Structure formats: C-alpha cells, structure tokens
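Take a look at these structures.
In what follows, chain A forms one complex with chain B and a second complex with chain C.
Right after this comes the complex of A and B.
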C-alpha cells in the first residue's frame, strides 16, 4: 500500500501533462497515416508496404515546393495532390491487374514500389536530411518548457483532415460507394458502382493523406529517404491493434499507442519506449486478434 | 406443346453459354431469351446452374463461350457495373444487403447515378416506399438489423432504384413466411405491370407458374424444356420429371 502511494507521489505531473500533449500530437499524425493504410486494406485487401514511401515522397515534394514558393501551406496542398495522383497511377499500373489474385502478389508489388521510391529519393536528394521550416515559430510556456504552437496546429489539422474525410464517407455519394464496396465488392458492382475506379480513388486518397502527414510532420523530424520506415511500421501496428480495416479503430489505436509511448518515455529513454507498442501488438494478437477497438465479432 | 413466340426482338437473349468454375463445367450451352416486360421462370433442381446462369448474364462470372445480348447488342465481357447501368437489376439468392449501410444508403447505391434529377430520385423512393412501407419506417436503420423478409424487400427495392429493364430475381421467396411470399408475388405482378421484365429463379413451382408467362426447365447445366406457363400445373409429369425427387 505504502509503495503504491509512494509511486503515485513520485509521478511528475508536469511531465505527465507535457507527454499527454506530445502523445496526442504524434497520435494524430499516426492516425492520418494509418487511416489511409487501413482504408486501402479494408476495400481491396491490399497491405500497402509502400505507404511509408508515399509519406516520405510527400515530405520531399513539400521541401521542393517550399524552397521554390516559400509557402508552407502551398507546399502542403501541392504535395498532397501530387502524391494522390502518383498513388492513382501506381494503383492503375501495378495493383489493378493483380485484383483477385493471391494477396502475396500485392505484398510483393507494393514492397517493390517502396524500394523503388526509396532509392529514387536517395538518388535525387542524397543521404543528407532536409529540413522543412515550420510555418510559424511561436511558443507558449508550459511549466518549465517552451511548447511550440506548431505542434498543436499539426494535431488540429490532422484531426480536421480525418474529420472531413469521415464526413465525406458518411454523407457523400462517393463515401457510400466506398463503404458499399468495402462490405461487398461483387454486390457493389452489380449495383452499378464502378468498383475499379473506387479502388483507384481510395488508393489516391490514402496516398494523399500520407503525403499530407509527411509535410506536416517534416518540421519535427527532418526529411530523409528512410523516414517512411519507422512510420509505416508504427502505422501497421496501430492498424492491427485497432482492427484491420476499421477506420475508427485505427484512429483510437494511434492515439492510445502514442500516449502509452509518451508516458513510458517519462521513465525510460524514448528508444526503449517503442517497446511498449510491440508489447501492445503482441498482447492484442494473443488475446484479441480482431483488434482492440472493434466490437467483438459474433 | 405450344410456346408463344416472343413477338419482337427479345430484351435479353442468351446463346449457348458455357461457364466453368475452375475445372467444373457448370453451364453446358444454356440458351434462353426474355422479351420486353415478360416474366420468365427458370426452374430446376438444386445445383443445375440456375444461379450461375443469372451470374453469367450479370457479368459476375465470365462465361468461357457463348453470348449474352441486351437489346440485340452483345454485352459479353462488360463488367457488372456497366450492365447495371444498361438496365439489368440483380437480386441475388443470399440478398447481399450492405449490412452496415442504412436502408436509405442501400437504396442510394443504386439511386445516386449521373443524370438522375432530384425529383426523379424522390419519385423512385416514394414508389418503393409505397410498395414496401416497412422500408420507409426503417430508412435510417442498418441493413443488417432487418429481418430476412425485410432484407429481401430491400434487395428488390435496391434493384428497382436502377430503373432496370429487367430484374434477375434469384429465389426471392426462399425461407420466407407465407405472408411475405404473398407480398413478393404481388411485387412481381406490380413490376410486370410497369413493364419490367423478370427472369425468375425459384423453388416454389406454383408461384413461378402463376407469375410467369413462360418457363424454362434446366438440368445438368442446360435448358431441357421450354413451355408456356399457362399450359402447366405443378403436378404435371413434365414438371415432376425435372423437379421431382
């Protein structure tokens, strides 16, 4: 009893608050990446191993547009649109012909795309990390820490993009098409929904969302050709923990895991804190393989 | 036995269709036709290829040989979504309601097409809600929460949203209460009056003979017999031959 009280008294509450904020910020970025990934899996059973590279490509296009135009917001918009187009082209040329084949073929195809994109970036931009300058540098004081406003803006913008996308899915005709196709591809087609184009559009939307997170997160991490790897790994973890194909589950899992990692890094180093997400992943796979944040299947 | 000739060019004609699932030969040269506004029954025991015939017409399985003509034009090889837009509605055997979509959203999958004015959409909705008042009551309920009979109504209503020229109706009364069966019978009649053609696959022989103008009998993946429905009774020897156990 006394030990527990001592532990509770030893918790540094100021750090706890800061880490909550950090956890939410990374959680929202992760949610933006993971929602594209989970959506693509849900609708066409494709595990997109190139998702991290689309995130990286978005960040690099952001770097280039920022350097030429000087506007961060323009960079964000152009990177999103260009990567969405690239995503559409990739889907049409490599994934559409594989529809209905063994899932292994799509894994190999997307893995191949990821290698090509990574090495293209290395060849084009070199191994030295680039920097995206954040659009504003204001800070506010949080206890002893200067906390940058920009981080809160990232969280807000990611939430806005995800929220806007959710409304689109819920009320738009195209959103109904996406949901119908996710549930029953054959019947959707029999109802006159152009399923091949729905697949292409979903892949493009997922790619665009990954690119947007790349630009938004660029100022915090630096842009290099391998930046996609860490994030796609985390995104895969949250997609599995949240329940494959479940959008709401992925978002909840992104925030849950990011918060856990943030809190863990109060006591251990951030590198060790990553272990927490793997522990959650393993426990989920052992005890609730359908995902933590989806209703129990009947 | 006199078979009434279809007066004009048939709406749908199927010419010696061969369909395989992997190595098993399911359809072995099926030929049939459905005239404009005609209700045609397709009878046969389980597993003779009735559902596969419908799926082959709808473009959901790819026939290896043979042709499907819609209004005289070959539509073989077109993807299902194009056929739906050309006026073929499909109501599958297992209904295949979008379970997580609401009743209204299920209807919108067929309704939200380019070139349909809002007023026309409302008309179509009003029409199916008049046929199936229960769907209006449940319009904001998820499709998966409906009873079997309600799901069948939704499946038919959903196909009607496409303003089809023909509806491929696969075992609509399977597993339904008698009251619901009667309602399905009524809706077939109503669609017939509207001039919608129907290709009806059924196990319920009396209902099929009553609802259709002509019937085809299938056996081992091919049409074996063809007759005017009014000349047949469920107890006839020929019916027993193809359907009896």
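Right after this comes the complex of A and C.
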C-alpha cells in the first residue's frame, strides 16, 4: 500500500494536465488519419500502406504553398485538394485494376506506392526537415503553465473535419452511397450506385484528410520524408484496436492510445512510450480481437 | 513421367548448384560478395515463402526474426572468446525461434490482412526495444564484432575468405532449400496448403489449424533467423535498421517478384530486386526505389504470379 501511495504522491500533476491536453491534440490528429484509413478499409478492403505517405505529401505541399503564398489556411486547403486528386489518380491507376483480387495484393501495391512516394519526397525536398510556421503563436495560461493556442486549434479543426465528414456520410447523397457500398457492394451496384467512382471518391477523401492532418501537424514537428512511417503504424494500431472499419471505434481508439502514450512519456522517453500502444494492441488481440470500441458481435 | 520429372528436376538443381559453386572463382570481388548477399536475402525470402506461398499467410514481420537471429548471433560472438561460428548459429536460431513462438502465439489468432498487420506491429515492438535499449544492443549504432573462423571442433579451423564464405552460405541455403522442400511435401506441408485453400474445411476434417499455423510461423522464423546469422557473419555488424519493417516489406517484394509457393522463386526474386537496385542506383543514386517501386507495382498488377510463377506446379511435384 505504501508504495502505491508514494507513487500517487510522486505523480507530477501539472505535467499530467499538460500531457492530457497533448494526448487529446495528437489523438485528434491521429483520428483524422485513422478515420480515412479505416474508411478505405471498410469500403474497399484495401489496407492502405501509403496512407502515411499521403500525410507526408500533404505536409510538404503545405510547406511549398506556405512559402509562396504566405497563408497557412490557403496551404491547408490547397494541400488537401491536391493530395485528394493524387489519391484519386493513384486509386484509378493502381487499385482499380486489383478490384476483385485477394485484398492482400492491395497491401503489396500500396506498399510499392509508399516506397515510391517516400523516395520521391526525399529526392524532391532533400533529407533536411522543413518547418511549417504556425499561423499564430499565442499562448494561454493554464493555472500557472503556458500552453500554445495553436494546439487547441488543431484539435478543434480536426474534430470539425471529422464531424463534417460524419454529417456528409449521414446526410449527403454521396455519403449515403458510400455507406450503401460499405454494407453490400453488389447490391449497391444493382441499385445504380456507381461503385467504382464511390471507391475513387473514398480514397480521395481519405487522402485529403491525411493531407490536412499533415499540414495541421507540421508546425509541431519537422516535415521530413520519413514522417509518414510512424503515423501509418500508429494508425494501423488504432484501426485494429478500434475495430477494423468502424469510424467511431477508430476515433475513440486514437484518443485512448494517444492519451496513454502521453501519460507514459512523463516517465519514459517518447520513443519508449510507443510500447504502451503495442501493449494495448496485444491485450486487445488477446481479449477482444474484434476491437475495443465496437459492440460485441453476436 | 514421374521419373522423367525427377531426372530433369535434379539435373537442373545440380547445374544451378554447380554454377553457384563455380561463380566465386570467376567473378570479381564485388560480384562475389553480391552473389553471397543474394543467397542470404534469398534464404530470408524463402523462409517467408513457407507462410506466404504454402500456408497463405502474408507476414510483414520477418524483419523481427531476421534481426533477432542477427542480434543473438552478435551476442554469442561478442561474449564468447574466441568467437565461435556454431555457437553464433545456435544462439541465432534459439533467439529467432523464441521470438517466432511469441509472435505466432498472438498473430495466428487472426487471418489475412489482420495477420499481416499484427506481424508488422510485432516486428516494430522488437525494433523499438532494440533501438532504445542502448546498453545491450548498442541502440542506433548497433553492434560490430569480429568474424568467426570456419571450424569443425577438433578437426580444423580456418578464417573465412570471400570464397569460403560464399560456399558456406551456399551450403546452408541449399541445405535449407532441400529441408524446406521436403517439409512442404510432407503431410505437414500438405495440411498447410489445405489451410491456404480452405481453412474452414481443414478444420472441419479435424486438423488443429491454429497449431499447424503456429508451427509454420516458427519454422519460417527459424530459417529467417538463420539468414540473419549469415548476414551478421558476412557483414560483421548488427544494426537496428534490419529489424525495421521495411526489411519485411522487401522480403514480401522478393516473394512477389520471384513467384510465391515455389521456394526457389523468392531467391530469384531477391536476385532480380538486388540487380534492379544495383542497376538503377547507377542512374538514380539513392533514389533507386522510385523506378524499382514502379516496376514492383506493375508486377503486382500485371504479373501476380512472379517470374517463376509459370513453373510453380512443376517445381512442387
């Protein structure tokens, strides 16, 4: 008992507060990436290995547009649109021919895309990390600690994008088509829904969301060609823990895992804190392989 | 007919083996090492073919087995003085099969894509552990050590030259091929193939599918670890980069390029990939993965059987 009490007393509560905020902010970014990934998986059975590279590409396009126009918001919008177009082109050229084949071949194709994009970025932009200037630098005081406004804005914007997307899925005509295709591809086709274009649109939307999160997250870390790898792995963990193909599940899992990682990094280095998410994954696989945040399947 | 097949098959095997034995005598130094490297990567790819081609499970975690073989061999070479080759091999095999048991226990509960992602994430666990546990693994810098001598206790001991190393690696790879081929033709291998074709039916017949899958992952991990040991002996270092999942990805690329389910296909795939890399890095320097990646995507779309896919039935007879 004494040891536990001592441990509780040793927790630095001010850091705990900061890490809660940090955890929610990274959780929202991760949710933005993972919801695209889980949607693409849910609709087309495609495990998109190149998702992290779309995130990275978004951040780089953000850097370029920011350098020429000087406007962060313009960079955010242009990066999202350009990467969505790139995503659509990739889907049409490489994934559409694979439709109807073993889903595992799509892992291979997207892994190839990821290698090409990553090396293209290295070739185009070099190995030195670029920085995106944050649009505003204000800080606010939380009790006696300083916390930058921008981080809260990221979390808010990510939530807004995900929320808007959810509304689109729920009420938009195309959103209804997307949901119909998720439920039953053949039936949707029989009802006259242009299923191949739904696939392309979903891939483009997922790519655009990844790009948006790349630009939003850019100011917090450097932008470099390998930044996508960490995120795509995290997003995979989130998608498995949240339940493959479940949008709500992956959002909940993103925040859950990011919070755990931020708390863990109070005691260990951030590189080691990643292990926490691995442990969550193992426990999930052992006790609830269908996902932590989805209803128990009957 | 069957006898005819056996004659052609073993003649082909002997010719290829003879060419590979003779190769280091005629090739210049660079290509000698290159050939040895192809064989080592080929062994890694062949081990993963057991899962991909025969059991129908795509593993994205072979870098963990390869890397653990490498690091355990490194540990044996660094702690025992003078460094002993056989001890390194035993250590590597024990390490990689222990890891394979651990990974297999969790990952074989899942199928298809879920299996692929789970093995990928498990290999990342080992990457993070190796990368951050600097006191033991050397962290980012890895470990470097002296190459052990080729020895048979009580008989002889001679330092490795490029030629003898090549022959040693060739012997190990050829032996592994024969062993794996035999296993894949045994009842055990047949059950694995029936799991690939129809898992539900295999279970309904009464085979304990999960146990078969676990043994398959361990078998595969064992040979991947052996490849790791060979790589460590050839290059005299162990680095965390080899545990990173990109190595697993390349292993899968070797398989797809060469043709899965053939055992020799992956070696051909490794040779093809490394030759492409060598060729393109003359023009594109370190960005060679751009053209190679595009070729790979094209092969996935247009040539899913790989280079040796046309001979798959023949090779498995």
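Everything below uses one rule, namely that the second predicted complex is superposed on the first by the 293 of 298 C-alpha atoms of A that agree within 3 Å, B and C clash if a C-alpha of one lies under 4 Å from a C-alpha of the other, contacts with A are read in each partner's own complex, and residues count from 1 in each chain.
Everything below uses one rule, namely that a residue touches a chain if its C-beta (ideal position, glycine included) is under 8 Å from a C-beta of that chain, and two chains touch if they have at least 3 such contacts.
Owing to the predicted nature of the structure, the values given are computational and were not obtained by experimental measurement.
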| item | value |
| --- | --- |
| First (chain B), second (chain C), both or neither touched by A:122 | second |
| A:99 touches, of chain B and chain C: first, second, both or neither? | neither |
| Touching partner for A:21 - first (chain B), second (chain C), both, neither | neither |
| Which partner, chain B or chain C, touches more chain A residues | C |
| Which superposed partner A:159 touches (first chain B, second chain C, both, neither) | neither |
| Chain B versus chain C as contact partner of A:184, first or second or both or neither | first |
| Which of chain B and chain C A:192 touches, first, second, both or neither | first |
| First, second, both or neither for A:176, with chain B first and chain C second | first |
| Residues of chain B touching chain A in the complex | 58, 60, 79-81, 84-85, 90, 92, 96, 98-101, 105-106, 108-110, 112-113, 158, 162 |
| Residue ranges of chain A in contact with chain B within the complex | 173, 176-177, 179-180, 183-184, 186-196 |
| Footprint of chain C on chain A - complex, ascending | 41, 45, 47, 94, 97-98, 101, 103-105, 107-109, 111-113, 115-116, 118-120, 122-123, 233, 236-237, 240, 244, 269, 271-272, 274-275, 278, 281-282, 285-286, 289 |
| Residues on chain C engaged by chain A in the complex (per definition of touch) | 58, 60, 106, 109-110, 112-114, 116-118, 120-121, 124-125, 128-129, 131-132, 245, 249, 252-253, 256, 286-290, 292-294, 296-297, 300-301, 304 |
